[in-house]
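Shared between the two complexes below is subunit A, which pairs with subunit B and subunit C, respectively.
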Partner chain A sequence: MAIIVQRPKLKWWEQLYIPALFIGMRVTLGHLVSILSRKTKVTMQYPEEKWDEHLPEHYRGAPALVTDEHDRERCVACQLCEFICPPRAITIKPEEIPGDDKWAKVEKRPRTFDIDMIRCIYCGLCEEVCPEQAIFLRKDYAITGTSRAEMVHDKEKLYQIGGVRVGLVNKWNELK
Partner chain B sequence: MSEAKTDLVDVQIDGVWYQFPKGMRMIEACRQAGVEVPHYCYHPKLTSPGNCRMCLVEMGMPPRPAPGAEAPAPDENGHLPISWIPRPVIACANTIGPNMGIRTTGPLTEECRKGVMELLLANHPLDCPICDQAGECSLQEFSVEHGKGESRFREQKVKKPKNVDVGPRVRLDDERCIMCSRCIRFTDEIADDPVLGFTDRGSHTVLTVYPGRELANNYSLNTVDICPVGALTSNDFRFQMRVWFMRETNTIDTNCATGCNITVFARENKIYRITPRQNNDVNSDWMPDSHRLNFHWIESEARLTEPLVKDGDHHRIAGWHEAIATAGDKLSALDGSEIAVIASARMTNEELLMVKRLVKHLKVGHVDTVARVGEADGYLISADRNPNTNGVKLVLGLDDPGSQIEAIKLGIEQGRIKAVIALQENLVDDAGFSAELLGKLDFLLSTYPLANATADASDVVLPGACWAEKSGTMINATGRLQRLNKVVDAPGETLESWEIIRDLVQVTGGGNGIYAVSDLFKQLAAEVSEFKGLTWGQIGDLGLPLIETGVTIPALDREKQRIASGLIVG
Partner chain C sequence: MDWHIIIAAVIKIVVFVFLVTLPMVAMSVWAERRVSAAIQDRVGPNRVGPFGLLQAVADGIKFLLKEDFTPNHVNKFYFWLAPALTMVPALLTCAVLPFGSQLFGEKMVIADLDVGPLFVFSIASLTVYGIVLAGWSSNSKYSFLGGVRSTSQMISYEISLGLSIVPLIMIYGELNLGRIVQEQAINGWALLPLWGEGLSLKGFILAIPIFISFIIFTTSMFAETNRLPFDLPECETELVAGYHTEYSSMKFALFFLGEYAAMIIGSGLAVTLFLGGWSLPFGWLAPSGIDAEIPWWHGLIHIGTYFAKVIGFILFFIVVRWTLPRFRYDQLMRLGWVFFFEIALFNVVLTAILLAIFK
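Moving on, here comes the complex of A and B:
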């Protein structure tokens, strides 16, 4: 269905367009004055200046692995994040925790855990699917590297970004 | 007895009338009617103890009139009205009778299933993220379908032994066990090695191995397959890969002449595990551990990936073109009587047809395959450890495969045989050829997946694909034609044997015209009388009987007896 747009009826002096130029110029000059007199600030000087402390709680940056309050790596290598990951950025190789380890009762942990940050689309599905609350999207957004290999976050790097999370999972405590 | 069994009775399942043989289990009747009754302990190849209570259904029979009362009148189809029994019955151990009614839906059965699930899950650990069964676990599936969704159980769960070593290949987790007793019945009834049992009572019941014994028989990994939960897991497959990542390929086992039907699980060109696939004419539901675990060598460091040509004392990498051309020059210069072809009974019928072409084309004087004889175990393993001996007899036309090997050795010794083409066989280690003997040859060509002493002595070494990397057909000990399907891509420059032989025929002046293994099957159907009229698709996943050999499989014979005596459904 076609929509007929009613054109405004312009007065004769409006049809000249010249007054509109002056109205627009007044706005421009107003901004110029307020910037020159340092009343407004329009550009953040990134990367010298950053907005990091204003990032919202739900900000989705680089995914990272966390350890719990007992320094146990939470990830048990169930590979659900590897399965759900839409761009297939995650690769996990599981291994058995040896019998003499303090956390032998958990039985399984990742031997390698790689996230290819070139592939990652920061969707957060890995965090959502994790049954062990082991992977979180942190506020790190400036992921750079000089080669493809450098852009792959390995287990060590992921724990370094992730840090420690307290609470949430009580599954592997002393009652287990 | 057998007469009574063929009697058909009318049974109403979920409101629809069917006819089934009298004496059939209710659960089987439901299955055939397309209604799945959830179950844990029931397995058609094992006796039914009826201990998991998951298969409870509503059952009804025609009302029995009180003395003097009038019997109910049948409706226009001859069916009597059903009066439903207020208590549920288990479908796995009860048999159907005339005019019986079964209801698998409705408030009573749904409530029963919900209750059973709640009790099973009360003490079940939250191990799914680390449990190898996750993804193919009946407890997961049925708790989604029939469970409550949340637990009302606030008390502490019962602790039981975890990560128990019950045998060299099987790991036990007692907390995950739901006491279905399938493994106990399997080891007792099928494997004749009753080492498993329950001890303690109530919610403290645990599955244990008899003190001082272990679950070590050659069929122990079948308990892992039939375990509906993750209580029994395979040491070999432990934590290797989650099941939902793997692609399943139906193929056959090539470790012996039985040709167990198998499913191979692979991801990204790597095989992770092999499980038996049901075929009641070959391997029932089982397979031996020794055959199941014999796949790790496929990823071996010793795999040949490029054609090699010997230069002086050393082999150097050559392209296919050069390697085949070298072989062609050498073979063309010799008379057919100076050449021996040693093929393999591990080759498919299609490849053997190509060997026959090569033999005919070069007028080869000496042809044989290497016999592999082991001990039959009285279950599924055949004494003949070659998967396609019947194919060699039928397609290659050898009457007694393996009988000419000594004559060929003598021929080499006396200098009558100057060249040997060893196809997919390791002459030094498997056929007793010494390296000195092979050194007397003018020309030795060998194809094999792995580097070995024969390859070391060969003038031309060609990488041949292994069983998981090719398609074809094989004929098992009972004369059944079965399909071998390609699971993974062969590494490097490896080619299938039929391609290698085709190239050899071509380079020595023979014809071509074969581009796919399916072309070869068509030629097989045209040339070999037993294959007449067969098509690739006709063989299907379960194969079909091709020739009469008189050989039977002991485990199947016993299964038939057990079915005949009514112990199992089968």
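Moving on, here comes the complex of A and C:
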């Protein structure tokens, strides 16, 4: 069904277009004055002002590895995150934990754990798939570097971003 | 050979064109961006220098350092010629604009021609060649459409632009812009006849055709400088960038700056013809005659007044650009040929009748 739009009937002075110019200029100059007198403030001057404290709980920033309350790295190098990662940003080289180690019964840990932050799309699948709750997406978003190599986060850097998380899974706890 | 005249002319050219007008072109780009940002509740360029004032310098360096790419399919000679042909006429018209009364006994106009407005129109109409050549030699459909649109638009509006100032010239009986301004300084601006001989019935009645002229002149100036609401030659939503689609780096910058230079010259001409040029309102500090001696600080105040008025007019240009939507092409042509052309002709007749009545 066709909808017939009723066009307003313009008076002769409205057809001159000049009154419309001044009506329009009242709108635009109103915005100009209100922004110049700082009545409205919309823009955040980014590097000086940041929005970090308003980031929502579910914000997905840079992925990072975490250690548990015993200073043990949670990652057991199962490589599930490496397999699920859609852009293949994660590269893990596993190694065996030597028998004389305190955590020998865990058997496996990553020798190297690299996340290429140029590739990472912050989807959070690694966090979702991890059976050990070892990898989390933190709120860091300003990941910068001057070379490609600098943009690859290695294990040390990942633990530095991630820090310690306690009381999530107690599978490997000595007390159990 | 009178060296004094040549040296004075060279100083005036260097100072007025290269040290004032060209920086004004650059600054008006900055002003355009800041004002448009404020109108749209944004901030605009505010990083380079205080308030982003050095943005123009940064832009200039960027344009100079960018790759100057000439596509293979263009007509090289005309492709290279076109940007210069856009910029040069815009700056040439500076020559006849009186930007001040006198300074140290020297008239503040580069060339004191007796055919001022005619010179401006004849030179300004050359700008269309730059755009046509750019559109044609680029050998791409967007440039071509932009060039064709621009040609027909500029030719159409040149007629009403020229006709709109005829009533003014009839009233002043003068084609020398300097003497027109001097007349306005003493006897009231064309649009504001509130002092001197202008403050009379004749002055008020004659202000009616001048007001009509002013509206036609200003609107045609918008069309001539290819600015919104008449920016059909480069309307970004339809033609990518119109006639300068294929241009890059400094050649693009020349088109860009040429547009702003034309805007400044147009504002200067409108201010000179309708708003009293360098003169202060109510005859303050007005020299008694075109050759009368005035103190140097009066001269400086007059120069400052001229540029203040021009800047005000440029701001008006900018605000209008960010207020009005673009016309449709047939509306543009109808406005030019059916309305403005007839109104301007009628206005000439009206002025003649009024002048015959108030002899």
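The rule is short, and it goes like this: the second predicted complex is superposed on the first by the 151 of 176 C-alpha atoms of A that agree within 3 Å, B and C clash if a C-alpha of one lies under 4 Å from a C-alpha of the other, contacts with A are read in each partner's own complex, and residues count from 1 in each chain.
Everything that follows uses one rule, which is that contacts are C-beta pairs under 8 Å (C-beta built on N, C-alpha and C of every residue); 3 or more make two chains touch, one makes a residue touch a chain.
Note that the structure is a prediction, hence the values are computed from the model and not measured.
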Room on subunit A for both subunit B and subunit C (clash or fit): fit
Subunit B versus subunit C as contact partner of A:V76, first or second or both or neither: first
Touching partner for A:E128 - first (subunit B), second (subunit C), both, neither: neither
Contacts of A:D154 with subunit B and subunit C, given as first, second, both or neither: neither
Which superposed partner A:D52 touches (first subunit B, second subunit C, both, neither): neither
Touching partner for A:E96 - first (subunit B), second (subunit C), both, neither: first
Partner chain(s) touched by A:E14 [first = subunit B, second = subunit C, both, neither]: neither
Inter-centroid angle subunit B-subunit A-subunit C after superposition on A [Cα, multiple of 10°]: 130
Smallest distance from any CA atom of subunit C to any CA atom of subunit B, in Å, after fitting: 40
List of subunit C residues in touch with subunit A within their complex: 35, 38-43, 215, 319-320, 322-324
Interfacial residue positions of subunit A with respect to subunit B in the complex: 76-80, 82-83, 94-96, 105-108, 131-132, 171, 175
Subunit A to subunit C touching residues, read off their complex: 18, 21, 24-25, 27-29, 31-32, 35-36, 40, 42-43, 45
Residue ranges of subunit B in contact with subunit A within the complex: 126, 128-130, 134, 156, 162-163, 238-240, 242, 244-245
